[in-house]
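Labels run A, B and C following the written order; every chain starts at residue 1.
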């Protein structure tokens, strides 16, 4: 009786598996940063319809993405922070960075009745080091003459999990404050001198939203989508800039190195928002490894070519990310054309 | 005194006030009894209240998103979600890639964990005097305390990298199976212990071979305990995120290949959480998981009822 | 080895398979199969310890025993120094407090379902509802705690932003109650009726029957379920992460924030590399060791009380 039931179940299951189209479609997998995940997911879904290629992307963190690429269990990795020279040496073979879009880090705050505040790099650093403890500090009042700050303690909110957003923010703080650079430094996780930690962008946004007198840093795609009010920051050329897609893109309009490995923070461009940066997709320069087929390599490269071309980039601004400036996109395409399979270029 | 005895029901006498209330000792004992009962009601009430609170708030937040599409379509992309959100509509799409993925993972994990778990439980029960069995039992308890992410790391190291050379269903189900094992082992052992020795001895006295004693006498008698353990284990792994992130990655479509990545409802929940446009889908996904556990619960109760002699 | 003769098969009208089975010493085979199954647990534990140890070697060789007692966790490049002390304290604090809250809840609810209202519809409903709690993913518990519990604690004035040891312990307690009740329910219900009725016939009150008949009989199962619940509490990651405030300090009290071992691993693993990764893995190894010690201590204490 039981044997019959089991046989029936197995038969049903195999029928189910047979019924599902064992598609000849190519499938690609990638893993890495959570920051660009909404953009990637939307773009990849569109690409699936165009090129019948299924793409699986897991937002397990930039470090996880690089690790997965190192272990060769994914076709591409995604990271908000480019690999340093030492890190590149640790990879089993040489890799290339392909930028896909840029994003920013906004400074959100919760002060009832106050919609806009201006911050200079100095004041921002002082708040996050805990030296400015109260909202009615004279430095804040001086910057914002018309604003009536309450007498309330500042609650700093930072990320508890390692993240590229933290990396971008702390990189900026290091560039504008020698104190921060020597005492705290930059990285995906740092030893915050003060404040509470919340998990993920939603954690920080939620905590700021629920705690009066709090201030925190949030990734731009999250802030723009939720229409969270953020502070105006003074950039390197002295102007107070509001975080937006335009000002984020403006940060990328300067000189960038040939391999695109650069942090765009504290950009000297006039209209640039000071805390912005690229996010990259990373692949091996020589695609013939681990028994990888030519078809798989081609599929991967075609995807990346589309992502940096007009097709993929059109989805960036739709999902609240800043598309690549034209010369960066051109640079990315040039890099893609240096990727080889068995020594021969894959894309023409 | 009440005389409500039937053949199967338990006979619980009550000390009525009319008798022996003059005896101080008996009054004290009655008082303690009553206080204990009040404490039991009180704490149970708190537990039940918490249950209602949590389940209620989940239902309240998520019921809007539950519709037919929820169960049949794959997860939407952020753009369509954004459009729907700004126009106040229900977010399109559903979580079918997660639902089928979760079922696939849990079914595979159960197929691995249940037979081994029960066998190991039986082994510990049969050899409970030996040191070796005690060590196995202790290790099972320790495994229960390992954080799910560490199990995910182990599955990544031993399966994703060397075996399937990529994120896969198999790796995910192995991670889940490891998490299910301690629960099943322990509940099997404890349930077997509650079966009266007399039953076992009678079977042996009749000359039943050992494996039949286990299969036909011990396991059926402790069936409700076994099912309870299996059910608890399944409920636990249905909701696990961290190990799956490191072993199956997720998948925007439904996937049946063993060596390819697959989606799961908790993974989708994590994705929705991090995406500002799809946050609302979290609650409905949670409701689905609860509903699934409820169905499993009811099914197992029904099976246990049928099995009762 | 086996007698396969056709005559015997015809005479007794049995199949070949049955003839073989009759001669096989099924007991021995079964014993061997069971033993082989038990090796799986050893295998898994060995693989785990091996991988954890291998991964923590860089950290162990750099920090040595000091790792256990150092309260610093500084990932700054060039000045990295890691220590596990504050996570150990955080883990112990949250799990113990969670268990203290969960135990009375689970204990009395078990009695409610399996004894006082045994067999009634109420008991079925309650136990099903409690079992449902086990099916809620931990991230949802974290979110529920974040959106519902935290503001409550803030309004009660117990803590400025609501994060902290108590908040996470409360949510943890609710999460582990189903683990503590499920097995207990079954073991309590399986106490033979005759024992209880014998006690009643001697004039015992309900409480006395519970204390002197049910509990001793069900003690083993109930203890097992509490150990399982504690294991669950120690290893819980996501829910605690969202509610503990993630400050790398040693918690000063119930309402202070802190951090736990599972939580720091989950938070930083995705982005860690090099020495930081190795330290995180060492924390995983320490957690393994800690669970072993606590379980052993718990079992020892219970044996002494018995």
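In the analysis below, contacts are C-beta pairs under 8 Å (C-beta built on N, C-alpha and C of every residue); 3 or more make two chains touch, one makes a residue touch a chain.
Worth saying up front: this structure is predicted, and the values here are computed from it rather than measured.
Interchain contacts join each chain to each other chain, per the touch definition above.
Two chain pairs are in question, B-C and A-C; the one with more C-beta pairs in contact is B-C. Work out the mean CA point of chain A and of chain C, and you get 36 Å between them. A separation of 13 Å divides the Cα centre of chain B from that of chain C. Among the residues of chain C, those in touch with two or more other chains are 266, 269.
Among the residues of chain B, those touching two or more other chains are numbered 270, 273.
Of all residues in chain A, those that touch two or more other chains are 60, 64. Residue ranges of chain A in contact with chain B, taken from their complex: 16-17, 20, 27, 29, 31, 34, 37-39, 41-42, 44-46, 48, 54-60, 64, 68, 71-74, 200-202, 205, 221-222, 225-226, 290, 315, 318-319.
Of all residues in chain B, only 9-13, 15, 29-30, 32-33, 36-37, 39-44, 46-48, 50-55, 57-58, 116, 119-120, 122-124, 126, 132-133, 136, 138-151, 153-154, 157-158, 178, 181-183, 185-187, 189-191, 193-196, 209-211, 214, 222, 224-225, 228-229, 231-232, 235-236, 238-242, 265-266, 269-270, 273, 282-283, 286, 289-290, 292-294, 297-298, 301 touch chain C in the complex they form. Contacts from chain B toward chain A in the complex involve residues 77-79, 82, 160-161, 165-167, 245-246, 249-254, 256, 260-261, 267, 270-271, 273-277, 279.
By the touch criterion stated above, chain C contacts chain B in their complex at residues 26-27, 30-31, 33-35, 37-38, 40-42, 44-45, 47-48, 51-52, 104-109, 111-113, 116, 118-119, 124, 126, 128-141, 143-144, 148, 174, 177-179, 182-183, 185-187, 189-193, 196-197, 200, 205-208, 210, 218, 220-221, 224-225, 227-228, 230-232, 234-238, 261-262, 265-266, 269, 281, 284, 287-288, 291-292, 295-296, 299.
Here chain C touches chain A in the complex through residues 73-79, 142, 146-147, 150-151, 160-161, 163, 241-242, 245-248, 257, 263, 266-273, 276, going by the rule given at the top.
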